[in-house]
Structures are given as C-alpha cells and as structure tokens.
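Below, chain A partners chain B and then partners chain C, in two separate complexes.
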Partner chain A sequence: MDIIESKSWVEWLITIAKFAFCFVPVLYILLLIPMERRGAGFMQDRQGPNRSYIKVPYFGRIRLLGYVQNMCDGTKLFFKEMFAPKGASKFLYYVAPAIPFAIVFLSPCVIPWFGPMVFEWGGKVVTISGSILDSDVGILLLFGFSSLSAYGAVLAGWASKSKYSYLGSLRTSAMTISYEVCQGLSMMGLLVLAGSFSLTDIVSWQEHHVWGIVAQPVAFFCFLIATIAETGRAPFDVAEGEPELVAGYHTEYGAMQFGLFYMGEYSHICISSFLVATLFLGGYSVPFVTTETMQAHMGGSLAILCWVLAFLALAFLHMMHRYSKKLAASRQSNKNVILQEYKLYKLVGWVAALVFIAAGVASWMFYTPEMAHTAAGVNTIGTALGTAAIHLLVLVVKSVMFCWVWIWVRWTLPRFRYDHVMNLGWKIILNIAILNLVVTAVVAKLLGGN
Partner chain B sequence: MLALIYFIVLGIIAIGSAVCVLLSKHPLYGALSLVLTMLSLAGIYGLLGSPFMGVVQIMVYAGAIIMLLTFVIMVLNAGKDSKTPMFDKVSLFVIPAVIVLAGLVGFALVRAPIVFDATTLRGSVKLTSETLFNVAQEGPGYFVLFEVLGLLLLSSMGAAVLMAKKRLGSEIEEEK
Partner chain C sequence: MIVLDPNGEKLSLMSLNVGPTHPATHHCVRLLTALDGETIVAGVSEIGFMHRGFEKMVERGTWQQVIPYTDRLNYCSAMMNNIAFCRAVENMFGIEIPERNKVLRVIVNELSRINDHFICVAAAFQDLGGTTPFMYAFNPREEIMLIWEKLTGARLTNSFARIGGLYRDSYSGFEGDVLAACNSVEKALKDLHACLDRNRIFLDRTVGVAKISKEDAISYGWTGPVLRATGVESDLRKDEPYYDYETYDWDVVVGTQGDANDRLQVRLAEIEESVKIVRQALKRLAPGPVDIIDPRIRVPSHKMAYQDMEGLIGRFKSVYEGIRVPEGEYYCGSECANGELGFTIIADGSGHPYRIKVRSPSLAHVSAFNYLVEGLTLADSMATLPGLNMIAGELDR
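Take a look at the complex of A and B:
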C-alpha cells in the first residue's frame, strides 16, 4: 500500500513509538500520589504514610520511602466489590467514572514532547513532529477534551440518586463552564503573540523570543488559577467539599470506580501541568540555549545532561546519608531494620551516580562531530534522538515543578466558599483576562504590526 | 477509501444518536445523545478537511452549551420527568416536519454528486481566519456579519443580566 511505503521503517517506528506518550498521564499518577501524600505530610509537619513494607527474605523489610503504602491502597481499591446504590440509573452510573479516565488517554496527543526531529536517513531528510498529532488547532483540541471530561462528574452525580452527589455535580457543571471561559481568554494573549493555535509553534516562538511567563505574567497567573479550578482541586474543590457534601459527586462510589475518578483527577493535574509548562515556561526548550546550539555541540550537551543526573543521584545519596546519621543517633526501636533498607538505597544511588558520570564522560569523549552531522550538515539520527531525549527531560522537569505547585496550593489554602469561587471567576479573573488580551493585542499591533 | 469508512461509521453514530434524542424518555438522556451527535459531527467536519470547525464544535457545543443544557435539565426537573409520554399533540406537527425535512435532505443528497476528497483542507485555521476577516473592498465581507453577531450576543447578554439583576437585587434588599 502507498501509505506504508511513503515512509521508511525508522519513521514508522518513531511515529508509532510516539503513541507511548498517551500513557504519560497514567504514569504520572504513580509519581503524583506519593508526592501528594508525603508532600502533605511535609506541609503538615508529620511523616505521611510510610509503614507498609514488603518482606524480602535474607534482607529485611523494604518500604521504598513509603511507596509500598500506595501499592497497598491501589490493591485494596482494585479488589473491592463494585456496587451501585438502589434506584441508581445503572448504565450512567457505571459509565460515568470511565469518561474522565478515557479522555486522559486522548489529551496528550497534541502536546509537543520534543522539538521537531530533523535527521537524514537513507539519503533523505526526514522530519518528525514532536507531538503525536501535529494539528494547527492543537490547543483548542486540548480544551475541547478537558471540557468533555466534566461530563463524568456531572453524570456520576445525577446517576447515583443521592442529594449530595447531585449538588456536587451541579456545582461541577457550573464551575467547569465558568473557569473554562477564564482559562481560554487568559491564554489568548499568548496566542496573539505567537500567532498560532499549534502548541509546537507556540513553543518555538518562546524558544526564539522569550518565555510566556515573561511576555504574559498576568495571563500566567490567571491561567494557573483557572487551571487549578478546572482540575477541581482545593481550594476550588467545592464540588466535593466534605463539610457540606460528604464527598460530592463520588459519594456513592467505591472500589475501582472511585479509583477511576481519583486517577482521572491526578491525570488531569498531569495534563494541566504539562499545558502550563508548554504555554508559559517554554515547553521542551532548554533555558538560554537554542536547539540549534545544542545540536551543534551534541556530545557536550549529552555530557551535561548525564552530569546533571549524576548530581541528582549524589543529592539523593547525601539525603540518605543524613537520614541514616540522624536515625543511627536516635533511639527508635526499629532503626536497624530501616538502616538496613537505607544501605540498599545507598548502593543504588552509588551505582546510578557512577553510571551517569561514566556515560557523561563517554558521550563527551566519543560523540564526535562526524557522528553528529552528515557531510551536508544535517543531523544524524543519533543527534536527533539525543535532542529529543534532552527536550523530553526538560519538559518533564518543568511539569513536575507545576505538579508540586498543585500539591503546594492544595495543602496551603483553605477551601473557598462556592459564591466566592464564582465571584473570583466571573468578576475578577475574567475581567483581568479580557483586559490583558486587549492590552496585548494593542501592544502587539503597535510593535509587531501584523 | 479509509475516509469513506470513517464517514459511514460517524454518519451512522450521528444519525443514530440524533434519533435517540427524539426517542429517549428522559431529557438528560436526550442531552447525552445530543453530545454524541455533536461529537460525531465534529469528526465529520475533521474528515471534510476543516479541523477548526470540528474542534470548535467540540469545545462550544459538546463542551459548553450541552453542559449548560444538562445543568438546566438537572436544576429544573431531573428527578420527575422520566414519565413524559413520547407522543402528544405537538408530535402532530413535529413528526411530519421531520419526515418532510428528511425527505428534502435525502433528495438533495441523492441529486448531488458525492465526491469527497479528504486530503484537501477546506477550513484550516489560516484559511478560516483569512476568509472571515478579509476586510478588502472586493472580499466576501463576512467580517461585517461577525461584528453584527458579536453585537447581537452582547445585547442579549446585557438584557439577560438586566433581567436577572432586577429580581435578585430586590430579594437581597429585603433580606437586609
């Protein structure tokens, strides 16, 4: 068939491999849940859940710094019985939790995970875009999906035939609509500057001019607030406010149905933090370095990347060392068990640090310009893949930072009252966003003239 | 070929869920079927080479307007309205109208040649914006319509706010 022969096998391989990015939000759940629970512990000056352990024969107990607790909770949710309250409309009750979770798999397709890959293969120059679906309506598609995911909460609340769920779903539907307007309008200024809906274009504009947060600081804060409200997290979690509504729209849900809501919420945080990082923090672009410079000195860039990772491994080792010292001096009864476990982490940390340092030295020494570029000056596939890896890691670091902002805000601010939330949305953020858009448009017209 | 298969699948979903809007007993199920119709229509727009229209369809209609509709249904009569009879006196007017409309559309479809090239872009962002905001003298002049529509929406919003404010304001004053 023509469509198969139109690309070489490497192109097909990379194009299909990009679909793996659909699973990034689901993988982020694994990161976000321990981050949230231990982060909450950190904020509230307590330990956080860290008592569950796996017993390894001949070694001792492994708690993975509290990570095992999350596995236990997940297992519990997974094996609980699914039930529906009497009088619930069965079909919608069972379908509703799946809606936000299904949309999670669609949303990552328009986010550019790395810059467009340009390399030479088989005598031809190949270009592969960094997003799964390189469309010129990119960000609008993302907003469309995000607005659809609110149906899950609304239908769940209606279908479970409970007054509390019902009130929660009413609040969700009203709040989603109001904050979507704010979200869309606050980002419009940036779109005016970049002149495109495509996220790839927006990132490349930021790479060659300034980051969105510098160009549009007001829009950044409006967008961040609106996005936090959109994910339905504290301080905007009026839809599931415990003092008033038990648990809001998922009051009647248990087992993995509740788990799906929970996972949907965390995946939404992941997508939103990727979106904020892409729009306002330069996305995949490395600070102060353009992609061209990086590709011209590919060996050095890879070496610096490896050494940054090695530094992180050393920081982890230092943390472990301090913990062990503190623990050894204490009079905790189970300290020998924990010290045994920390020895394992130290070993892993040392191995990781040495491997990263060695990899850095190797890429510094052996990645010659002949390997990086062909005679015509086009990148080889190695350079293209290396650039993509650096871009991806930079984007992940930025997004993890914003994930932490979500957790930080949740455990810092108390819940707003419902009318306060509505006032904030319609009377303050919306007006600031419109004003920002008008000012941006006028300034852009005067300066840029297009 | 592939586009035709997609088109048939999406068309069947669109028509099926549109029929469901008419047949469903509870208004909320009707609204949900309408969401499905909107989504498959968005897919058809994308297939016709205008992704912008499709995405706006998802954002505005499926995401916002039907969400408002479900909100209204849930506030007004979500609990008790599941026993509305499917046919009443109004159906006498609705059903013939639907049949006549279906006949007309079917006639037009049969007469028109169905050629369909999925690769041409008919409504990309660039094309849409250039057509819509073509302010040249000899241009199509759609921007005038756009401005008029904006004015219309603004005035209707102002009227709604005015109406809402009058009632709510008096109640709040009484409380004080």
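Take a look at the complex of A and C:
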C-alpha cells in the first residue's frame, strides 16, 4: 500500500497512460503501409492503389486517398486460411511470425516520448519520466529487443522445411549479427559525448549542446545504413531477395502469419526511425528552442503549434481545390463521382483548419502566465501536459521523416548481393565506426577533459 | 547430398530446384542446381515447359495461317517475327515489296525492338531488386503498346505483316504517335541511364559477372545483342541488309567485356539507334500502296473481291488452297530483338508448308547459361538470366 500511496492519483494515471505508447508502432503500420504504397507510386510515375471504396450517403464512394485498399488487403489476410507445409515443425512454424511482432510492443518502452514532466500537484513537485521505463541502459535494452526479432526469421526459415526459407534465414541471421555490431559501434561516439546509456540523457545532452547529426555526422550515416540493414529492407533485403529466394524466410507463409511478418517489418521501421530521430535528431526537443523557453511562453507555443496544424490543413485544402479544378476541366468519365468524394475531404479540411485556428487563438489569448506557473515558478499540470504534447508531436514528425527515408531508399536502389552486404558491413562501415569512436573519444578527452 | 568430384573427393552439396515456376525464371524453365553454400557448383537447365509444337502445327495450315503462330514465338516483339517469316516466304517467291511497306516494316521492327529491349532491361532491374527503373522502362513501352492497339487491334500477340503486304496501311495520325513515342523513349532512356550508369550496387552486381569470350559466344551460336556485348560486330541488318537498312544512318552497338552489365548496356544503346532509325524512316514514309498486286501471293482486298471476278477467285483460292510457294528449301534469317531469328522452310509447291524449322536465338543463349553461372553465386545467376532475355515462347516453340 505504501507504494500506491507514495504517488498521487494523477501520477499513477499518467504513469499507466504512458503504456499506451507501446501501441505506437502498431499505429505506425497504419500510416506506413499507405505511405509506402502511394510513395512507391509517386516515385514510379504511377498512381498506386486507389480503387477500393466505402459507400457513404451523399458523398458517394469514399476512397480515403487509397486508404480503403489497405483495409481490404488487411481483411483479406485476416480471413485467409492458415496453412502449414507438410513436414514443417508445426509449433515453431506457428510461433515464429509472432516473435517479431511481439517484440514490437517491448521496444517502445525505453524511448523517451517527451521530456521529463515536472509539475506541482497537491502542494508537491512531481516528476514523471518521458519513457515508460527510464532505464540507465535503455539503449542496450533496445538493441537487445531488436536482435530478438531476428529469431522470428531464423525460426521461420528453419521450421518451414523449405530450402528457400532455409537459405533466407541463414542470410538473415548472418546479416543481423554483423549489422548489429556496426549499429552499436557507430553510435558509441555519441554515448561518449553524452556520457550515458540512457536515452533520456542522450536527448537532454543534445537539447543543451547540439544535435547528434551535427556532433557525429559520420556516425549518423553509418548508423542509418546499419539500421536500414537491420530492418532487412531494400537494398539490404537479401534475406527475402525475391528473384533467387522467392520470398526468403517467409516463402511458406500465408494469411495472417505472413501479415505478422509484414507488420513486424513495418513496426521495426517505426522503432528504428524513432531511434534514429532520438539519437541523432534531438529526439523530442524542438529545434532552436529549449524546453524552458517554451514553458515560459506556453500560450504562444501552443498557439504556434495549432497554427502550424491549421496551415497544414489549409495546404491540404489548397491541394484538394487544385485537384478538383483540374478534374472538373478534364474529360474523365467518372469525374462527378470523384468531385462528390472530394467534397467530404474539403469539409474535413475546412473543419480542421477552423478548429486549429480557433484553438490557436484561444491558447494565445487565454493561457496566461498565471495559469502556466505557480507562484513558486513551478509548472502547472497544464503546462507540463502541453509541453509533453508538443514534444511528442515533434518526435513524431522527425520519425515520419525518417520513415520516408526508408521508403525512398527502398524504391531507389537495387538489391545488394549477399557477400557485398557482408563486405560493406564488416570491411567498411565497421571500420569507419571504430575510427569515428576513437577520434571522438580522443577529441572529447582533449576538449572536455572528462 | 554427398557427391564425388572428379578427383574422388567427397563434396557435401545442396540441390536446389529453381523453377519451373519461380519469380526469376519469368517464364517456365527449370534450373536444377547443386549449391555449395551459395555457390553454384553445377547446374542443369531443363527447357520445354512451354513447348506447343509450333513446327508441327504450322504444317497443317496454309502459308498465311503460319503468321499468327509466329506472334507467339517472341511475344515481347510479336510483329518482328511476322515480318521475319513473311520476308522468308517473299524471298522464296523472289518478289520485291512496295516502298511504303518496307518503311512501315522498318518502323514496326524498330519499335518492336525498343519494346523488347525495354522489357529485357526492366526485367533485369526487377530481378536485381530495382523496381523503380522497371516502371521507368514500362511507361514508354505503354505508349508503343497504344500504337500497336491502334495499328493492329491487339496489344500482345499482334500480327501486322502479310506475305507480300501488310494487314492494312497505317492509320491517320500514326506518324505523330510514333514521334511522341520516340520522345518519351528518349526521356526514359535518360532516366534509366541515371539509375544504372553510376549505381554502385548495380555495377557491383553486374560488372564482370557471367563473362563470356567472343570465341565461346560464337561457338555457342549466340547472335544479336548478347553476341555484340562480347565485342563481335555482327548485325544482320548491316551484314545482309534488307529493307534498305544499310541506307539509314545508324551504328552497330558493340560491348567490350561480354558481362551481364554489357548485355544490358548494349540493349539500351540499341534502343537509341532504333529511335534514330525510326525518326529517319518517318521522313521516308511517302504515300503509296503497301500490298503487291498479285492475287497469287497477296490475298486481294475485300473491295476487289466484291467487285471483280478475278479478285473473288484469287481470294477464294488463296483462302482455301493457300498460296503456291515455289518448291525448294530455303533459309532466311532476320535480325530480331533477341538475335537471328531464322526460318528454314521446305516447300513442296502446295498451299501448305512441308516443313518449317525455326532457329530461335533464345535457345542458343540459354544453352550457355549453365556454362556462365557455374562457379557464381545463386544471386549472380539471377543477374545473368534476364540479361540473356530468355523468352520461353521462342525457346520452346
């Protein structure tokens, strides 16, 4: 009971609510799949999937910019028959796809989603950390989880009793091991600078000094390459290299088992992009503004945030307006159906724009410094929550940017040959990473003396 | 799988059966490989999964009825096969086709070549994991396909040439469409070169892979772009010119190394040459007849058949009995997209071919496949196969 009473109910609420962050990678799958499919279409001079629709009264066929297609595909995968090939090791075969997907729920625990919340509640100053588990060895835990997900591929390849799967899993295991070494060593320089394994400390170091990408540009590129390789995406998708290995370790999988691998891959991208953003792009910190400045002008900060969102909504409206004008002038046979559909998007755009503008004005006018801070100068809960929201949004924007890098790279580059991947990992990136670490350590010792 | 090597040493190999249906084989071909790790120690390729009995089927019909079968040989450039066959039969008759026909055949030939090379390069990229260049190559190809639709009414197995003529004259607006297609082909070439020329990953995977010497390539009977990639300047359009190819201003593209990269680069460069030829041919395209006037060879048009007694008889005879090709044995090879497509024809003077033997370029290319990939890795073999542009339609016939 002492443990329960040691914290007030608000603290408990926030601490428990933080577990919701475990589901962020799953939500990202919903974002990433359409982003990848339409992004690929964008890069390849084609449309991407955009035909499935839901019928809505008045507005007609709503395709949600192609989003409905993904729902249909998901539903199809979900209702297909689960199937195991003859001679497969049944237990491992069924368990394997769940492993990468289960790891997905563990990895977000150590990522700091916002700066430590400090606020006054019930006459006491309360501090709540920004990650679910503020561990001193956070980054090591994250790597541990990340390498566990390789077990999924290895077991799947082994249990399928197919030579293609087997070759694929061999390639995966070798590649995961070699690129983990590169990944670990390339960010070591940053750890030397920050002096901590805790992700929260690393972010706060970047907030008060410079972003990791400026302090460690070489490490950033090594880390990015190693991380892309770690997720097993093109150009490093030798494990599922389509022409030679059919689909690599998941050749024999269908239905939702395949879906789990697929979702596992996308969540891995999500976690990796959060990691890159956290390590090298200042994590949750807002560029050029310290948290203290932001909290001192909380009303203004919130207003700017709302207006940025309003601007995005207006940009969306502008895009829709241009599309409609072009469509109305064209001779497309189904243009009336599409124009009717666009009316809904425009409505949503207008509502969002107005709401955001109003919210911005409201926070600008009514969120006074008296509401933001107590007499002692400590934040109120409102300010703390507002800061956390801004931090979270900033982190999400940064990570989505890196997600796009993943998609961009995948649709640009051809696949490596397996031994070339190994050469790149062991002979080039690893050496650069070690050199970077040595130079960083020497320079840090000479300059900082710590 | 434990095997003994020639020296009596025990080797532990894994047999891997690639195909007949496998993402990399594109069509149906089976590659049985023995792997040591990922290295192919030995390989056997098995062909014939798409055997339709072309050579037997054509003996049953009349000479004109062979033409639609030839579409199915190399279906990526179907009309080239028509033209090659029609040219063979026309040469047996010893007739000269009208000027406009020749120019139209040249345009169709070269656009087909562009199409075929684009598919080959696109498929090679796809197999190397580059899906975006694949699409870059397919967009201009689509424009050419639209021209085919307007010209022949079909997209894939379209037939246009007839013995002594063409199915029809070009439609109005043909020249404009072809010019527009040429422009987008050139734009796509620029994009493709940007993706391909300096891409480290791509070069690492293709340069020096599956090299073959001039002598070996010739001894395997290679022809066409794959032979030219080894440095042999051999092109039937220059060596035994037909359809006035020698009067156009173009060059034979030759590679230097004969590796997987050269085979793709030669194809891309040939597309450029083909565009050059098409542009010149468009300028030569003067109005005039496309068919020869000889009811014994070219079926009289509907107009003549309905208004003229001789026309009706000619049409009836050539449909029911077939045209009478002079007796004899004859070989005629044409430079098709993949290499020399030759027809050895034995005619017995009746309305039906007695025997037609096809010399398909793919067969010669694929026969060297195992020689090329032994000692390379599995991934290398997948960089090699699309470069040979194996088309099962003409491989298995």
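FYI, the second predicted complex is superposed on the first by the 447 of 450 C-alpha atoms of A that agree within 3 Å, B and C clash if a C-alpha of one lies under 4 Å from a C-alpha of the other, contacts with A are read in each partner's own complex, and residues count from 1 in each chain.
Definition applied: a residue touches a chain if its C-beta (ideal position, glycine included) is under 8 Å from a C-beta of that chain, and two chains touch if they have at least 3 such contacts.
For clarity, every value in this text was computed on a predicted model and none was experimentally measured.
Trainee: So, on chain A, is it clash or fit between chain B and chain C?
Mentor: fit
Trainee: So, does A:V137 touch the first partner chain B, the second partner chain C, both, or neither?
Mentor: The first partner, chain B, only.
Trainee: Scan A:S173 for contacts with chain B and chain C and give back first, second, both or neither.
Mentor: first
Trainee: May I ask you to decide whether A:P243 touches chain B, chain C, both, or neither, giving the answer as first, second, both or neither?
Mentor: In the superposition, A:P243 contacts chain C only.
Trainee: Treating the CA centre of chain A as the corner point, state the angle out to chain B and chain C, nearest 10°.
Mentor: The C-alpha centres give an angle of about 100 degrees at chain A.
Trainee: Quick one: classify A:P235 as touching chain B (first), chain C (second), both or neither.
Mentor: Touch partner of A:P235: chain C, not chain B.
Trainee: Does chain B (first) or chain C (second) touch A:E81, or do both, or does neither?
Mentor: neither
Trainee: If you stack the two complexes on chain A, which partner ends up touching A:V154: first (chain B), second (chain C), both, or neither?
Mentor: In the superposed model, A:V154 contacts chain B only, not chain C.
Trainee: On the overlay, how many Å separate the closest CA atoms of chain B and chain C?
Mentor: Minimum C-alpha separation, chain B to chain C: 8 Å.
Trainee: Which of the residues in chain A end up touching chain C in this complex?
Mentor: It comes out as residues 40, 43-46, 163-164, 167, 234-235, 237-238, 241-246, 411-420.
Trainee: Mind listing the chain A positions that touch chain B in their complex?
Mentor: It comes out as residues 92, 135-137, 140-141, 143-145, 147-148, 150-151, 154-155, 158, 166, 169-170, 173-174, 176-177, 180, 196-197.
Trainee: Show me the residue ranges of chain B that touch chain A in the complex, using the header's touch definition.
Mentor: These residues of chain B touch chain A: 28, 32, 35, 51-52, 55-56, 58-59, 62-64, 67-68, 70-71, 74-75, 78, 124-126.
Trainee: Which residues of chain C touch chain A once you look at their complex with the stated criterion?
Mentor: Spelled out, the residues of chain C in touch with chain A are 14, 16, 18, 22-24, 38, 125-132, 134-136, 139, 199, 201-202, 204-205, 377-382.
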